[in-house]
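Just below sit the structures, each encoded as structure tokens.
Consider the two complexes below, in which subunit A is the common component and subunit B and subunit C are the respective partners.
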Partner chain A sequence: MKKRQIISTAMAAAMAASLGLTAGAAADVAVNDLAYTGELEIMHYSTAEEAEGNGGSDGFRTTLAAWKEAHPEITVNENVLANAEYKTQIATLAAADDLPDVFLLQGMNTIDWAEQGLVYDLTDTIKASPYYDNYNQAYFTPFTYNDSIYGYPVLTGGTCTVVIYDKAMWAEAGYDTFPGTWEEVEKASEYFNEQGIYTIAFGNGGKWQANSDFLSTLGNRYTGGDWFISLIEKSGAAFTDEAFVKALTEMQRLFTETSIFNEDFNVVTNEDAREYYISGSAAAFIGGNWDESYIAATLGGTDEVEGTDPEKFANIGFAVLPQPADATEAPNSQNIGLGYAVAINSKVAEDPDKLAAAIDLAQELTGPAFSSFVAENYALGGLTMVDEVDLSSFDQITQDFYNWSYVDTEPCEIYDSYLTNAVWDVLNTDLQTMLNGEITPQEVAENAQAAYEANY
Partner chain B sequence: MKGMSGNKVKKGILGFFMNAILIIFSLSCIFPIIWMLYSSLKEKRAFNADIIGLPKNPTPGNYIRILTNPDYHLGESMWNSVRTTTLSILLIVLFSFIVGYILARVKFKMNRVLYTMFLMGMLIPIHSLLVPIYVVFQRCKISNNWFTLILPYVSFGLPMGIFLVEGFVKSVPVSLEEAAAIDGSNFSRTLWMVIFPICRPILVTVAIIQVFSCWNEFSFALVLIKDVSLQTVPLALTQFKGQFASDYPKQMAAMLITMAPIIVLYFVFSKQIIKGMVSGAVKG
Partner chain C sequence: MLTTIKPKGKTIFLYLLIPVAMFVFTVFVPLVTAFVYSFFEWKGGPQKTFNGLENYITLLHDNTFWKAFGHNIYLVVACIIGQIGIAFVLVMMVNSKLVRFKTIHRTFGFFPSTISAVCLGLIWNMIYHNQYGIINWFLRAIGRSDLCQVWLNNTKLVMLLVTIPLIWQYIGYYMVIILSAIASIDTDIFESAELDGANGFQKALHITLPLIKNTMLVCVTLCIAGNMKAFDNIYVMTKGGPGTASMVMAMYGYQVSFNQSNMGYGSCISVAIFVLSLLVIGGTRGLIGRLTREKEA
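Our next item is the complex of A and B:
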């Protein structure tokens, strides 16, 4: 295929300008000659609203706009919905065998939809991709089934579990860096309690946070990575395994028997809990990369918006979840990954020209154009690794977070990117109840195992 | 004398408490709107920091952003909602009236079976029908069109409409129709010139209930409409909700903008709406 590089044009820039972004919004997409002319449907959830401040969504929209600009002979029909509505509609379309040509496949749907023949097997295509050598291979795991790959992991890989702490507050408590063990955190909590400050703010009001932002990493510290892979592959692991129950037990102990967390952690959401940190009512906060973006933008904001606090901003530190005393695995791990992939409806293969166009679009949406855009404008990473990321234009906090996310820590899997919602609905509800002290870790594990066996 | 003044005091205290309860109740109804109104004048950050408090620096920024960003297409979605709701209501009222009248007045063999079948429509949860209805619409190639949503809205609005009209017509004396017949009025003329005006209160009730139902309907709009330019208001409002965070002040500003037509409608027809509601409640 003949290739030439173009710099994408006014469209992307104008779009970003209309969003009020300061980033130099343009994406360089490779323009391959495509034989297909006609319509190509794409369904995604990067709404204009989502793209405001969300680097992955902004990069997706910008790259898509550049691709459309580069291929005027193809009419791209976009169906854009907010994430929750996207999930409902795509599930209905899958049930009716009427998926759009190109769409975002959630990791937990891979097996079901692959078995039903709804998604095109992209294994050979991905291996033949000009960007293959730069792909972060670990990101393909949620979209792989029976050694076949069904999607190009898309958007940005951000952590789901980061401890954001105020260096100055912890220094006052006698800690130069955030403690590496829960024992030390418990000791520190005595000091913070005396000051009337929460040691760590956490919000599980939405039920998913205890799983995504805590257990997924804590569990890995007890079970190691192979256990969860075995669970995905149904090759012997069970939720009732001793190591996982130990993780649940430790989690319950931390939330019910210590005074580390805000007492309303099971009621407030992550959005409320991070306000405790911003206002100085908490010395640390546990959340995901989206919370980090919000906290950094609020404290480090340049316009006169309530909450701007340059000193507190400069004191932001990042740490991995502390290690429990009886855990033996990966103390430096944090769960990071890509929950969605660009997938192609298997019916598109009936028209080879259309299929080539869909593959080209998928490759560009996850290729170097996208990765460079999010690296340069947001200090984030995607599927395609960018050789040299110049972080010098970013403030120190952004640079620190980039290094913490992609360089200094060890990745582990995000539980709810896999398996099925039926399992996570049960587990998340039970976790909330367990953290209220109303159900035992063993019961939580048994219920999750029953849901796993019944639905997966 | 002493007893009378004691009674007065008792009445006064009772009146005070009664009024206090009603005032609290009224405030609890109106407060969400007031809260939305002043919260929409806050920036996202200010709202998150203090959810209930009044804005320290009120700004129309959210309204400006919503009305100037073409990606939000609120105007288009409002037009879609107005068109879909208006046409659906006209059809629901028309069919409810005709079918309800016939079921109430005309005796035929399957009358009660038919009536029961219509009523069963109220018992079926909409979510269980989403996929089958989507498949039917897809196969018939009638999904994702401007008229698509009118069909399920009318279908699911009819059971309630028929139920109310049938009950109302039964309470109307048959002698009215007999008198009309004696005066030489044919069936159609009696139906439209005699019965229809009598049924107006219940038809207004049906229309009110269904306006809210159609205007707020979400599930069918989500599943049957793919084209962004055909989205109705409830669907368009979801775009202000992100995967991990929501811009509530902007969402509230958008809600207030989209509520405007309904509020105007209410004030214009308030007397008739209240009359209709009362009449429907008593006689329906």
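Our next item is the complex of A and C:
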């Protein structure tokens, strides 16, 4: 394939104007000669609304627009849905064997869909990619099954469990940094309760948050990383193992026996809970990187918009989940990874030219053009590593979050990027009941294990 | 019979062709295919494995499903009493000579049923909200903040709390049906009853109700059918939670099909919803029929 590098400067002005972004926001995709002319479908969930303030979505849209610009002979038919609708729609299309040409594959669907022959095996293509040496290999794990890789991990590698806290409020309570143990947090909650402030805001109204944004990291503190790998590989670990049950027990205790969290945590969503933090009703908040970008964008917006609060913005601090007293593993860990990958419908392979175009698109959406864009504009990382990220042009909070995410903490796996959603749906539903104190951790573990044995 | 204006069989057939074809395609075909799929293990995708009655055996032992069925029955009973019962009382009041601005009452009564269930769920979420909701605000205002709670997280109350918006929404709908039925009753009957000294309550119970019996039966059938497939406002308000405390059958079917990618078992649940709904409707109609016949005899 002949290659020529084109810097799409015209794109810069257009994108910055249309999206209201930082000046100079453009993506330099490699323009490879493609034989294919015609239509190419892509389905994703980076909506225009989502792209405001969310680096990954913005980068995805910008790179896709640049690729379209570079390949006018190919008509890209985009189907963009919000994430929740996307999940339902893509599951329906998979069931009907009618997946779009290019789409985003969620880690936990990899095995099911690969076994059904719905997704194209990209192993050789990925190994032949010009960017292969710069790929962060660990990101491929959720999309690998029987040594075959089924997707290019996409969007930005972000944490799913970060404690965002207000340094000033915690200083008033007598803490210079966020406490490293739950015992200390419990002690601090006495102070905050007197003030009528929630110590930590959390929202599990959607049922998945307690798993993705809490248990996945808390569990790792009890079981260590090998346990989950063993669960993925089916080499002996079980949900009913003592260490995991201990993690569930501690989780139930924290939510039912202490007054650390907002009492409506099981009803409100993460979107509601982060507003408690923004409005000052909570001294800290636990959520994912998407919540961090929202909070930072809301408090730190430069315009005179409602909600902007430069002082509160400057006081944002980041911490890992505190360590439980009886946990013995990785106290500095946080679950980070890429939950989705660009995958290709296996039917596309019937037309080799179309397949080459789809592969080129997948490669560029996750390649250096995307990574440079998100690094330069948002201080975020993607699949392709960028050599040096110059953080000096960013505000302190962005720099802090970059260092917290990629440098100062230890990564662990995001549970629901793996296994199958049949297991997580059962566990998530039970977790909500468990956090109300109406089912025991042992029962939750047994139900999850039964679902695991039946479906994985 | 006016044979001159009676259309030809062919004309009737052609007029009916499009709606019947649409009905067959959107209702009958999915029903039959769901029935076929319910005999397969199908985790989405092109591969399906025939597994006989296994899904149905699983269904019989699936506590969550039967709990959800119980919740649907709760909804049906609460809504027959709440929606049709209150609608009947309101119609009697609106029809009374003492009430003015009857059209306004009718219009505003019908108004909630024009709002989409999703918006309605969101509105009632705000009413129940722990911090900003009007219920907790009122309790605090009257000095009973000890009664404030996270309403939708109360496992014991949550079914009642998600039923209230449903009742509120459809009162107007049944009001319109009952009003039109009452309008067809000859006013002479009421006048002679009044001359005989019957009061409003007696007129409602002994004249109106027996005369609109068939309409009421239609209302009950609609109410059961509607509540056996309840989904949208509960999905918005609680997603069936906390845990499965407000889970209904349709939502469980959705969850199994799309969240757990278990299309075969999801189809089995859909077939079960259909069969159970028919049984409940049939049973209720039979019961009402028997009760009224005994009365007449």
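Throughout what follows, the second predicted complex is superposed on the first by the 448 of 456 C-alpha atoms of A that agree within 3 Å, B and C clash if a C-alpha of one lies under 4 Å from a C-alpha of the other, contacts with A are read in each partner's own complex, and residues count from 1 in each chain.
Definition applied: a contact is a pair of C-beta atoms (placed from the backbone, for glycine too) under 8 Å apart; a residue touches a chain by one contact, two chains touch by 3 or more.
Source: prediction; values computed, not measured.
K.L.:
Label the relationship between subunit B and subunit C on subunit A in the superposed model as either fit or clash.
P.N.:
Partners clash after overlay.
K.L.:
Mind working out whether A:D430 is in touch with subunit B, subunit C, both or neither, as first, second, both or neither?
P.N.:
Touch partner of A:D430: subunit C, not subunit B.
K.L.:
With the two complexes superposed on chain A, say which partner A:T92 touches: subunit B (first), subunit C (second), both, or neither.
P.N.:
Both partners.
K.L.:
Considering only the touch criterion stated at the top, classify A:Y45 as touching first (subunit B), second (subunit C), both, or neither.
P.N.:
In the superposition, A:Y45 contacts subunit B only.
K.L.:
Kindly classify A:E78 by the partners it touches after superposition: subunit B alone (first), subunit C alone (second), both, or neither?
P.N.:
first
K.L.:
By the touch definition at the top of the document, which applies to A:N403: first (subunit B), second (subunit C), both, or neither?
P.N.:
Neither partner.
K.L.:
If the shared chain A is used to align the two complexes, which stretch of subunit B, 187-195, 205-213 or 259-267, clashes with subunit C?
P.N.:
187-195
K.L.:
Could you tell me which stretches of subunit A are touched by subunit B in one complex and by subunit C in the other?
P.N.:
Correct list for subunit A: 88, 92, 95.
K.L.:
Can you check the complex and tell me which residues of subunit C touch subunit A?
P.N.:
42-47, 129-131, 150, 152-153, 155, 238-245, 255, 258-263
K.L.:
Report the residues of subunit A in contact with subunit B in the complex, numbered from low to high.
P.N.:
18, 43, 45, 47-50, 52, 54, 77-85, 88-89, 92-93, 95-96, 98, 100, 270-272, 275, 278-279, 288, 290-291, 294, 298, 301, 305-307
K.L.:
Any idea which subunit A residues touch subunit C in the complex?
P.N.:
87-88, 91-92, 94-95, 97, 109, 112-113, 115-118, 205-207, 263-264, 266-268, 281, 420-422, 425-426, 429-430, 432-433, 436, 438-439, 455
K.L.:
Mind pulling up the subunit B residues that touch subunit A in the complex?
P.N.:
So the residues of subunit B in touch with subunit A come to 43, 45-46, 48-49, 56, 69, 71-72, 130-131, 134-135, 138, 222-223, 226-228, 235, 238-247, 250.
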